[in-house]
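Both complexes below contain chain A, partnered by chain B and then by chain C.
What follows is the complex of A and B.
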């Protein structure tokens, strides 16, 4: 890579003190994102994917706190910033698209006022006319017909797909370099989903941004993302190019997840058991109890993230004691 | 004779001052014993309403619903209650559909206490235990409250509660859509195995093509409360003959990276207001393949193949038909690198 990575997340730990002990919701998470790249963060409920996003946006609220790590955006560590500074970065440099557009939009303000507020908060004084002009352009850019009419209306008058476009337009209005989208299409119908994903991809790839896409939908990752970060029990267990990870998973959990996708005529493969409690963290690998490849070492020694398929040419990492050749060997996930 | 026969089912909901929502419009379908019919469609297509109508949780405006030849709509209240043992339901949100103050064992026992009141305590306990075992729950879990269970276990309770009266028909209303992928796989496997063991008939309501292709034998595609296309799974999925079905299937994103995504087939605009149904074909305003007469002629289901029915007057559709549609700016899959 000739240019440095736009986003570099290094060893971030975020924990909560609960009545039953310390919960490490984000446990030494590291990953990065380049410009013009869509990075998918996948995992099941409680794996820490949303907490990771909140940590890098500076949105972890007490009693939770980020206790270690760096989040470098363009070389600047977001975790060292004051609340005021990070608030400026959110919006300016990072645009956020939430799962439910109607929760993200203010129900009692007209849409144009919401654009005006964002611009005013970040750029200081701005005339109604100029914010309106910028909002119209941005709404057009995200494929909203008749933006003038939308600006004069309220969120509740919009369909889900239109509301999510408005949220994306709001996220992009200050021209951020990084877009963070948390399940941006989960609340939308499938025929709308592709339009929104196409839009996000255009805004990322064509305009040189990075996009972090948190999702539980493996189809979205397979067909839209360039790289994938697979999380389990607060940790990254596998990273790499989507085309490689999905075709030849190196981690037994990734493999199990891909095999959980139901397909006609094949017996659905199930991952038995469930994610361990983050409080009584097992001594070895968190996945050991559910793993079909488990060996003695897994129950004693915590696996570190290590390079996988080192001869493969591209960067892949896996957190597993078992040889990745063995894991992917009978992973007939794509037959 | 099919287990379930539904004819001309129609339901609308008046909204004060804002017209009438035509939720279900002249829907006819059948389900054989041991068969799964999937109802697929987007939100607002009427699929959940059809499920509730068939269970008579709400009353239809018109139509007939027959189970084993008995017309549900002519039954008295007590007759209907007896019939309910034969038709059960599993809901989307497992936790919200379980009484939070009842223990799991009592939740599962309750339908049996109602439908087989003469059962002895010992027999009741045995039936509950056997049913819990069938869905993979143990005696210890029977003592707990629903909130002490994971989402997957809660849904197992929902299935056990539906199963215990030995129903013939189970309406599955998006039973896995709130569950994680690995848990979804466990629930699908249970549903599949239960169908094999007990010869259950399922009405499977879903918007998710991957679970539909796993469970369903036949598929009915709903749009604006109307069946657009209906047929065997393979026929509908591999050879869809309605522009809406084609758009719906093309939007599906396969997790298999070796499958290149299908070309996005876009319908223009969004689902119209269900208070003002279009006059001719319901898809007219959005359809790239439309012709003049689609605007005025009401579309009717006609035979397209073996047990395969569709409404589009242009069927059999040609793949080239869609080329008249402006392509979206890019098709997915042209990732860099």
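What follows is the complex of A and C.
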């Protein structure tokens, strides 16, 4: 913790005005990421993981807005920036990898024109020849054979894996320090998933970037990420090094998630119940109704994020009233 | 298959479609009640007079014989003569169709520009003040009938403020017409090199184009707002924004997605307006096909009605062919 972290997200709150009331999709979320580090953000759909990364990219559109918090990238607060400044950060300092490459790429423009437009948006007028040269190099770097042909073609002519590589190349063309990937492999088949994740890992670790990987796939987190942020109902409920969190989950929700991963020879356990409505947020812990460890205090008092496992090797935090030793004690989880 | 082949195939289909159109309309007109001979002869005509007129129009021939003779002359390029004016239908059509087309094309350009502006603004600022204002404007435009819009424009712009000429047709009474080449006055006056006549023609187009343009801007506005709203919410637009593209570029990316349905809607409106501008044509004494067809329908002038149906069908079919070609050229994903 001697050098400042590349990314420091502190107490970000993003809310949406809906017809039925204000929804806090991101509720005081804090986490951080170092260089050469892959941080997984996991949770069920609707837990606020996608909204969180959109908040830090300045991509929350009305009726939603970010109402509090800080997003420090290299010490600069992105949330205090003007629209013009944050636009320059997007693409240039933060590269975004979308979930479905075919939905993300422009279907009308040739691939080269899409690279050209991104470069032009940040560097002003550029010759088509120079942008082509850079695009060729970047496509080669993400493992695309015959980049010239790809550049002259359209997105719909690509395979899923190739299209996602093109998206990654677009995200990396301006050499960003941080990569934000929103379920980058959900739309791809399993063999391609590995290749894409290996590629992202190389681009992060070997080239000194930092990666936020939003996913609901715990297997991906276990295999690729260094640290994990578990989110539930708009809040961070647990953070820590992946190996430690998977070995000793401190939050009952994390424990439930880990037990619901199918494993050979054991019966799959499911998490009963549903995520509470973010409009009528319960007075106590949002997970109380589904929790097997629930105590009276959980229904009255909102738990705060607190340090857990002081004996562990790294910093761990959990948002739970119950003692973490108790939660992980009978967890039949081994990663 | 190449685009060339597609166009060739579709061009070959045009006569087939027109043949079906002519046959159907011929049979349907047969079902219309009333006797054109009575309309021509007047209320006080004797039975002999009516019978004479019926015979001269060939109305007593069997249906099959009349159908064959009509189709035969259409194939030879003869659309017959009006029952009333005795003018050849084709000659009148070739004068009136360009007048309507000129009006409708310009009106749709105005409607497209105004409508897109309102729709895109509304979609971009959805749910906010700007959206309320543009939606209110669109609703206002849509709720004013075109004839009322025309009368209001005439009242203010001609009668009160005298910035537009009187609604007396394509040119004023004292203006000398130029030679007809295309039938489009704005083009013909330029070909003749008569700049003064060009401006006179433009002035006379101003009010009817504005009246139609404003009313139909509402339709474009509605379509543009809904398609743009969907496009602006798309992953593609979010990704463009996440890549740091400037907002106007982001909006343009959305427009690339939204333009196909908007264009299609424009083509449908065009087809509908070929006959649908009849009231505006009447108000502005415009010598177009709409009011011509309308009076023919009221007086059972069958050759004119047939001629109009044929012309409107031809224009619409050609337009949709052009639209399909345009869509193929604009969207690399479209396969045919």
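In this section, the second predicted complex is superposed on the first by the 332 of 335 C-alpha atoms of A that agree within 3 Å, B and C clash if a C-alpha of one lies under 4 Å from a C-alpha of the other, contacts with A are read in each partner's own complex, and residues count from 1 in each chain.
By definition in this document, a contact is a pair of C-beta atoms (placed from the backbone, for glycine too) under 8 Å apart; a residue touches a chain by one contact, two chains touch by 3 or more.
Remember, it's a predicted structure, so these values are computed and weren't measured experimentally.
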| item | value |
| --- | --- |
| Superposition on chain A - do chain B and chain C clash or fit | fit |
| Contacts of A:217 with chain B and chain C, given as first, second, both or neither | first |
| Which superposed partner A:247 touches (first chain B, second chain C, both, neither) | first |
| Chain B versus chain C as contact partner of A:30, first or second or both or neither | neither |
| Once both complexes are placed on the shared chain, angle at chain A toward chain B and chain C, C-alpha, multiple of 10 degrees | 80 |
| Partner chain in contact with A:186 - chain B first, chain C second, else both or neither | neither |
| Contacts of A:98 with chain B and chain C, given as first, second, both or neither | second |
| Chain B versus chain C as contact partner of A:205, first or second or both or neither | first |
| Residues of chain A touched, compared between chain B and chain C (which is higher) | B |
| Touched partner set for A:62, first chain B, second chain C, both or neither | second |
| Partner chain in contact with A:45 - chain B first, chain C second, else both or neither | first |
| Chain B versus chain C - smallest C-alpha distance in the overlay, whole Å | 8 |
| Shared contact residues on chain A - chain B and chain C | none |
| In the complex with chain C, residue positions of chain A that touch it | 57, 59, 62-63, 83, 87-92, 96, 98-100, 103-109, 117-118, 121-122, 154, 156, 167, 170-171, 174 |
| Touching residues on chain B, where the partner in the complex is chain A | 42-43, 150-152, 180-186, 188-189, 192, 207, 210-211, 213-215, 233, 247-248, 251-258, 261, 264, 266-267, 270, 328-330, 332-333, 335-337 |
| Chain A-facing residues of chain C, complex | 126-128, 234-236, 238-247, 249, 253, 256-257, 330-333 |
| Chain A to chain B touching residues, read off their complex | 36-37, 44-45, 159, 161-162, 189-195, 197-198, 201-202, 205, 216-224, 226, 241-243, 246-247, 256-258, 260-264, 267-272, 274, 333-334 |
